[in-house]
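In what follows, chain A forms one complex with chain B and a second complex with chain C.
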Partner chain A sequence: MKNVPSRSGEWSVLRRMKEIRGKVVRLFYFLLPLLFIAILWELIVYFRIVSPSRTPSPLQICLKLYQLTTPKPILLNNLFESLLRLVLGYMLGALLGILVGILTGISKPFYRAFSPILSLLISVPTLAWVPLLLVTLGTGDETIVFTIFLGGFFPVVYNTMNGIRGIEKQLVWASRIMGADKTTVFFDVFLPGALVSIITGLRLAIGYSWRALVGAEMLAAGISWGVGHMIYAARAFSDVEAMFAGLVIIAVGGILMDRLIMDPIERRTVEKWGMVKER
Partner chain B sequence: MSRREALHVKAKETLQSTLYFLAPIILFLLGWEFVSRMKIMNPALISRPSEIFSILFELFGSESRSFLGHSIILDISQSLYRLVYAFSVAAVCGVGLGMLMGRNKHIYRFFDPLITVAMPIPGIAWAPIFMLWLGFGDPTIITVGALAAFFPIVYSTASGVRSVEEKLVWSARSMGANDKTVFFNVLLPWSAAHIFTGFKLGLARGWRTIIAVEMIAATLLGLGYMIFAARDYLRPSIVYGGIMILAVIFFLIERIVRLIEKRTIEKWGMVGS
Partner chain C sequence: MKKVKVRAIDVNKTFGSGKNKVTAISDLNLEVKENEFTVLVGPSGCGKSTFLYLVAGFEKPTSGKILLDGESITKPGPDRGFVFQEFALYPWRTVLGNVMFGLEIGGTPKATAREKAMHYIKMVGLEGFENAYPHTLSGGMKQRVGIARAIAYDPEVLLMDEPFGSLDAQTRKVMQGELMKIWEEMRKTVIFVTHSVIEATYLADRIIVMTARPGKVKGIIDVDLPRPRDYTGKKYLEIRKKALDLLEEEVTKSLKIHPKTN
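Then we have the complex of A and B:
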């Protein structure tokens, strides 16, 4: 508390308390409807309106989540394996995507050559590549990582390209006239100008990659770990509780990634650099 | 310039842009053909375009000799039928709930967290559960497709309606408009651009999900099913052909949607901020 820079200490403490209270209230309002639905669902199952063996109640799902973490951390192992694949595929997709996006954005011949192919490839659902990859790359990790890569690559390319092409020509000309060389134009005009768009692409891409991961893990038979695999394998035993437990993990994971990683990155870079987001 | 000349110029421009669009694709296919003929990679895994196109041609004919035993047109129409069905359900429910959420603060507060939690779940993750409830085939595929398309639509509609300035509603009311008039003449046109964006997102998500779910839940027909089955029969050319068809179909769908957008939303001047 002492390190908080303040004009008058007392007020700043009060303000901070108010902020925290606001956050708690918002969290409460966020959780209330979820809790309500959970209780309703629990009652529906309790009074046997639906069969608990086909539709487990929230408590059953929680119990399953607990069983999957102790004594053996099966769930964590699955999640860890999935995250490893996600990081690898997403990083590849983001790096290559930004590179190709910049190239097609800056160079007109590149744009002419790639944008038609790109616009067709973008129309292919990511998971439609899986059968092909299963044949060419096998049924293991390579296929899954490559699917995640494809899921992340296209949104990044598309947004980076559009970001760079959206920069006004006058800006480039002006910096040229003032004597900027190509490197300076690239780092001081193109990159900051396209940054908002690039980050939007990166944020979209993580959602796409996450979805691609789950789907690819379901379709690839040669793996034994992963959240998607866990859900799909549960089907063989009609283990609905494990399916729902997987869904919970996927939902929570998706939200946490977006809120805890992508949102702060977007705020730090875009807003700090004084680039107002259109929305 | 006479009208005929203008038409002439326009035709020339269209031809030119089509050429610019097709040239890189044709070059790409030629390069692919060349590389695969040099046998750098295993030809059983990487088929060549000429082979793919001849198989596609064969698949389009009825009573094809392939493992499918029926024309691929049936697969295409079945997938499109599922898309239209799922999208219609999602659009009706999504716009309905979105409107309610946009107009009523309590409804918004209740549903917003639920949507925030459920939206990032990939459609295909629901598939095993719905397969257990509804069995294989259309019920599961269409339900999961509709579920995937529903969230973007309801989200966009709600934010569109919420973006309508309250003053507009007040002034309409003070001029004696009833609920119906407010809805059709104020809320709907002012949020139309948002709703349309939701439709576009929902259509794309629905399509992707339906193709994916077809791979695990379809029993006989559907493009996703066809591609996945072709893998089991080790026919990579058919997989490639299927992917090409998927690309072309969604590309055309997007073009049509864009045309509709130009003719309606943009023409009426409802372009969103």
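Then we have the complex of A and C:
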């Protein structure tokens, strides 16, 4: 019985050690192909198959990353500014997305009214909004945050809605016959029942928000900090290393958010409940 | 004469419209007596599950009405309990959480609810599993939770929709025996739907055999046998044969009407 907490301390220590060992092994398998590519790349640059001034080697990029952090923490300042915008835009998108998603999932009239609009808007690339927003909201933070919001909102709405609509009718019936009112059905059946999909939506939204963030930062002229801005500004000096450094930061930032925020939520809920497979 | 608990009067239920219209139940009239174990048997697709949904209030009859204690049923409510064929347990609640849910909804204080829920968990033989999540349980154990959940808040009528239909033959037999013990202890009005005559004859005070779709009452058989019943007893086999003969005609008929569904 893996869900019955074990009473003996020794066993839990052993299990904990096993868990840690599993994590290390997983990390190793995750890094292995990356390491392989990095070495290959390093060799290609080393033997001058491509020019190091146009395509910097992994070591050059690492060096650049170091230079960007000391003595002045330029990279961190850029990252911090970007993260602030990301958190704000993402939170807005996630909260409103879940709310609208639940409403459209539960209520037929809402679904009828909203789903055509949703299917139209979901195919518009988020960045296509930016020129319009630059005119209406200006060239500053508002535009960037709103773009992030748009990037996160749609995947959350769509997945939440489908999650609610996919809940087995019998689960709702079972609660209704026990006397559950609408509020109880909402909080005790719809919300946990749709959680797998909501988490999927939130996951996708992190990726979309990052993309929206970086893109918008490149196009908004009124800002002076941000990872996207840094990459775009490096163009003026043909500073390819800084561009790559920016790409690395974006990729690592995205994956860290996914693993540090979404993974623990998933493990504590839907994975424990057996609603998704354990990894 | 026992009191009538549930009464169906001229009940019709159709699904869809136009070409796709399907009549599941037509002019159904039947009575279920208080504290009796009534089993509905019929060929598959005869509307017996639909009838149970109507009694539960999950669906509304197209015409006619169903009375519970003389009052027309309009919606689901805790005076009834339901056991689903596919269990319909909440994966995010533990065994205890599932069984307590009805009591929580009814506003029973947490400690009392816990105590009561534990009583029913013991009754269905799941003591020690109260903190397990449903996905870790076998089919038979899941349905024990389903039964405990449906009776924990003390409904007057227990509705069971082919509750052992998705269990293997061995587990099924064990569950039938245990259900009988539980029922003898609580003596609630039970409406139990199955397509197995063996199961019906083992469990029922009265067997109601239904016709092929659209569903009507084909015949009623009183099973006046002491419990626990012997699957090979002479009287048992006689009654079983009687029910089987009634049903067989309908199964043949339903195969002719819906060749594809079988």
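Simple rule for what comes next: the second predicted complex is superposed on the first by the 237 of 279 C-alpha atoms of A that agree within 3 Å, B and C clash if a C-alpha of one lies under 4 Å from a C-alpha of the other, contacts with A are read in each partner's own complex, and residues count from 1 in each chain.
The rule is short, and it goes like this: a contact is a pair of C-beta atoms (placed from the backbone, for glycine too) under 8 Å apart; a residue touches a chain by one contact, two chains touch by 3 or more.
Here the structure is a predicted model, which is why all the values come from computation and not from measurement.
Visitor: More chain A residues touched by chain B or by chain C?
Guide: B
Visitor: Once the structures are superposed on A, label A:219 by its partner contacts, choosing first (chain B), second (chain C), both or neither.
Guide: first
Visitor: Once the shared chain is lined up, is A:175 touching chain B (first), chain C (second), both, or neither of them?
Guide: A:175 contacts chain C only, not chain B.
Visitor: Taking the superposition on A as described, I'd like to know which of chain B and chain C A:269 touches: first, second, both or neither.
Guide: Touch partner of A:269: chain C, not chain B.
Visitor: In the superposed arrangement, which partner chain does A:192 touch: chain B (first), chain C (second), both, or neither?
Guide: Touch partner of A:192: chain C, not chain B.
Visitor: Contacts for A:184 in the overlay, against chain B (first) and chain C (second): which applies, first, second, both or neither?
Guide: second
Visitor: Between chain B and chain C, whom does A:54 touch in the aligned arrangement: first, second, both, or neither?
Guide: In the superposed model, A:54 contacts chain B only, not chain C.
Visitor: Which positions of chain A sit in both the chain B and the chain C interface?
Guide: none
Visitor: Applying the document's contact rule, which stretches of chain C touch chain A when the two form their complex?
Guide: Chain C residues touching chain A: 56-58, 75-78, 80-82, 84, 86, 88, 90-92, 94, 101-102, 105-106, 129, 131-136, 149, 153.
Visitor: Across the complex, what residues on chain B touch chain A?
Guide: Answer in residue numbers: 20-22, 24-25, 27-28, 45-46, 109-114, 116-118, 120-129, 131-133, 207-208, 211-212, 215-216, 224, 227-228, 230-231, 234, 236, 239-240, 242-243, 246-251, 254, 273.
Visitor: Given the complex with chain C, which residues does chain A contribute to the contact?
Guide: Listed in rising order, the residues are 1-5, 168, 170-171, 173-180, 184, 188-189, 192-193, 195, 269-270, 272-275.
Visitor: Give every residue of chain A touching chain B within the complex, in rising order.
Guide: Listed in rising order, the residues are 29-34, 36-37, 54-55, 112-114, 116-117, 119-121, 123-132, 134-136, 207, 210-211, 214-215, 218-219, 228, 231-232, 234-235, 238, 240, 243-244, 246-247, 250-251, 254-255, 258, 278.
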